[in-house]
Amino acid sequence: MEYIYASLLLHSAKKDITEDSLKNILVAAGISADDARVKAVVAALKEVNIDEVLKNAAAAPVAAVATAA
Amino acid sequence: MSLVTQQRKIPDWKIEEVKELEAIIKKSKSVIIASLQGFPADKLHEIRKNLRDIAELRVSKNSLFSIAAKNSGINTELLSKYLTGTNAFIFTNRNPFEISIMLSKFKLKRYAIPGDKADEEVVIPAGDTGIAAGPMLSVFGKLKIKTKVQDGKIHVINDTTIAKPGEEIPADAVPILQKLGIMPVYVKLSFKAAYDEGLLIEGSQLEINLDSYRTQVIEAYRNIMALATEIAYPVPEVLKISIEKAMRNAMSLSTEIGYLTPDNAQFVISSAQAKALALASAIGDKVDLGIQVQV
Amino acid sequence: MEYIYASLLLHSAKKDITEDSLKNILVAAGISADDARVKAVVAALKEVNIDEVLKNAAAAPVAAVATAA
Amino acid sequence: MEYIYASLLLHSAKKDITEDSLKNILVAAGISADDARVKAVVAALKEVNIDEVLKNAAAAPVAAVATAA
Amino acid sequence: MEYIYASLLLHSAKKDITEDSLKNILVAAGISADDARVKAVVAALKEVNIDEVLKNAAAAPVAAVATAA
Amino acid sequence: MEYIYASLLLHSAKKDITEDSLKNILVAAGISADDARVKAVVAALKEVNIDEVLKNAAAAPVAAVATAA
Amino acid sequence: MEYIYASLLLHSAKKDITEDSLKNILVAAGISADDARVKAVVAALKEVNIDEVLKNAAAAPVAAVATAA
C-alpha cells in the first residue's frame, strides 16, 4: 500500500501526483521504488476523481449501516 | 368617629403584604412572573411543594408587587407590561432557567373539560366503575366501551382507549373520567418573564429544550473530532481515528484504480466481487446466469 | 459469473454493454459465449441502473474484510 | 476496476491470468491496456490466492444481495 | 492528514516512525514540516498500536451493522 | 455554537461550567456574551450529563446508529 | 482537546485563529497553554478548510441516522 499512501500524501498536500513526486517520497521513506509500478499507479490515478473516491470512502460505513437496517 | 385619613384607607393586610414582598425580593436574586390565567388554583400547592427550599411562590396583586419591587430598587418599568391579569411570582436565588427546567420536568395533571385534547393516552380500565347502572350505560355504549352490569354497577370488560395523545377527549367521557379519577390533561405555569439582578428574560426564552442542548453537544463533539482527525491532532485517541480514516481512504482508492498488493487484495477483490454479486442478483430473476446467488 | 464480470468491465470502462461487446470479451477470454444468455443479460442490464446497484454494494467488501481478518 | 474485473473473468473461466490473456480481454473491451498496470496486476495476483479471497468474501454476498433485492 | 499518510507509509514499509523519517517524507513531498507537529505526532503514535488500529478499522463497519440490525 | 464550544472547552479541562467561567472565555474570544444565553446554557448543561452524551457520540458512525436505532 | 474546542470557538465566532487568540481563550479557561502545541495547532489549521471539514462531519452522521431510523 506504500504507493497509495504516498499518492494520498501528495493529494492531501494538494501536490500533483507524478512519477517523480511519487518516487521522491518512496525513496525518502527508504523504499526502492519500482518504476513500472509507479507508472501504473500514476496512470491509474489520472482516471479517477480522488476527492470523489475519498468522499465515498467516508460514507462507506454509513452505507454499511443502511444496508443492514 | 374620627377623621378618616388617606393613610388609613389602605387596609392593613395590603401594607403587610407589601412589607413581606419587599423582604422576599431583597433576599432573592431573581423573580419569575407566571400567568395564572386558566391555571387551576388547587394545583399551586403542588408547585410550591416541588419548589420547596429552592424558590418561594406567591400569588399577589400586581399593584402590590409593583410597589414592593419599586421600593426594593427594581426598575419596574421593565416589568410593567407583564403585570396584568392574575400572576404568580416565583422568588429564588437560583438561576431562573434552572427553575424553569425543574418545573418543566414536573407534570401537573388536571381533569378534562369538554373540548380538551388528551396529553396522554386516555384509557378506561377494565373493572368496576362504581357508576350505577342507569342512564350512564348508554354513554358507555356511545363511547364504544364494552360493559356489563354487576351488583347494579357498570363494569368495563376490557381496558379501552378513548383518546390518543393529541386527540380531543369525547365530551361524553368527561364525567366518567372524573368519577374514575383520571386526569389526562397537563397544566403548566406559563412564564411571562424573569427579572434576574437587573436582567430581563422573556418568558419564551425561559423555555429550555434539553434535547436540543444534547444535540448541540454531540454536534460540537463531532465537529471537534472531525477537525482533530483531519489535522491529526497529536493525541493517541485522535490519531487512531486518523489512521482508520487514512487506511479506509487508501483501501477505497486502491480499489477504485484496481491497484493490487498482497495487503489490499482481500479488500479490492472482495469489492469487485461484491459489485458483481450485487449486479448478478439485480438481474438474477430475469436471466439464467447459470449461477446461484445466495440470498 | 463471467457474463457479469464482462459487463462490469465494460461499465467500468464506460463502454456500452451490447451483445457484440459482451461477446467480444468472452471470446477474448477463451469462453464460448452462449447467444441466448448474452441477449438475456444485455436486455436485463438495460432495465437496471448499474451505478445505483454498485453504489449500494460498495459497503459490503468492508464487512467481508472484517470477517476475514 | 477494469483490470480486476478482467482478472476475475479469467479466474472464473478457469484460465490463467497472464499479461497476454489480461491484455486480450482489455483490448476486446476497447480499452487501451497500460503495460505497466497489466504487469503490476499480474504480479500482484501471483501472490494472492484468489479462491481463498473469494471464499472470505462470502460474507459480502448477503449484504450485496440485500441491497439489490 | 499528511502526517498520518506519511506515518502509514512508513508503517506499511515496516520502517520506524521517527521524527527524522517522518520529516524526510514530508520534505520529499514538498511539504514544509513543522518541527513541533512532527515531534508531537511521533510521540503520540508511540502510544498507538497501529496494527491493532488497522485491524479494528476493518472491523468497525461490522460493529456498525451489528448495532443497526 | 460558541456557547457550547466554550462550555465543552471547560468540561474538557475539567473546570466547572459557571456563568463567570463561560463569560470569561467568550470575552477572551472577542465575543460579546449575552447574559441571558449564558445563564440558559449553564442551567441547561447542568441537566445534561455531558460525559454520557459524549460517550454515546464517541465512535462516530456506530454511535449515530445506536442512538437512531 | 481543549485546543480544538478553542479553535472552533474562534471559527464559530468568525474570528481568526492565531496563536494569540488561541492562547487568550485557553488562559481565560484557566488552562496553561503550551506554546509549541498552540503553534502546531494554528499551523495545522491553516492547511485545512475548516468549513469543509465541518460540512462533511455533519453530513455523515445525519445520513446514518436517516438511513438507520
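Labels A, B, C, D, E, F and G are assigned to the chains in the order they are written; within every chain, residues are numbered from 1.
As a working rule, contacts are C-beta pairs under 8 Å (C-beta built on N, C-alpha and C of every residue); 3 or more make two chains touch, one makes a residue touch a chain.
Keep in mind that this is a model prediction, so the values were computed, not measured.
Shared contact partners of chain B and chain D comprise A, C. Ranked by separation of Cα centres from chain E, the top chain is B. If you compare B-F with B-G, the chain pair joined by more contacting C-beta pairs is B-F. Placing every chain at the mean of its C-alpha atoms, the farthest one from chain D is found to be B. Measuring from the averaged C-alpha position of chain A to that of chain D gives a distance of 20 Å.
Chain D and chain E, compared by their mean Cα positions, are separated by 30 Å. Rounded to a whole number, the gap between the C-alpha centres of chain A and chain C is 26 angstrom. Note: centroid distance chain D to chain G, computed from Cα atoms, is 44 Å. Multi-chain contact residues of chain C, defined as those touching 2 or more other chains: 1, 5, 8, 53, 56-65, 67-68.
Within chain B, residues 219-220, 222-225, 230, 232, 234-235, 238, 245-246, 248-251, 255-259, 261, 263, 266, 270, 272-279, 282 each touch two or more of the remaining chains.
Residues 1-2, 5-6, 8-10, 12-13, 15, 21, 24-25, 27-31, 60-61, 64-65, 68-69 of chain G are the ones touching chain F in the complex.
Taken together, the chain A residues at the contact with chain D in this complex read 36-37, 39-41, 43-44, 64, 67-68.
Those residues of chain B that touch chain A in the shared complex are 245-246, 248-254, 256-259, 261, 263-264.
Looking at the complex, you find that chain D touches chain B at residues 1-5, 8, 37, 40-41, 44-45, 47-48, 50, 53-54, 56-57, 60-65, 67-69.
On the side of chain D, the complex with chain A involves touching residues 34, 36-37, 39-40, 63, 66-67.
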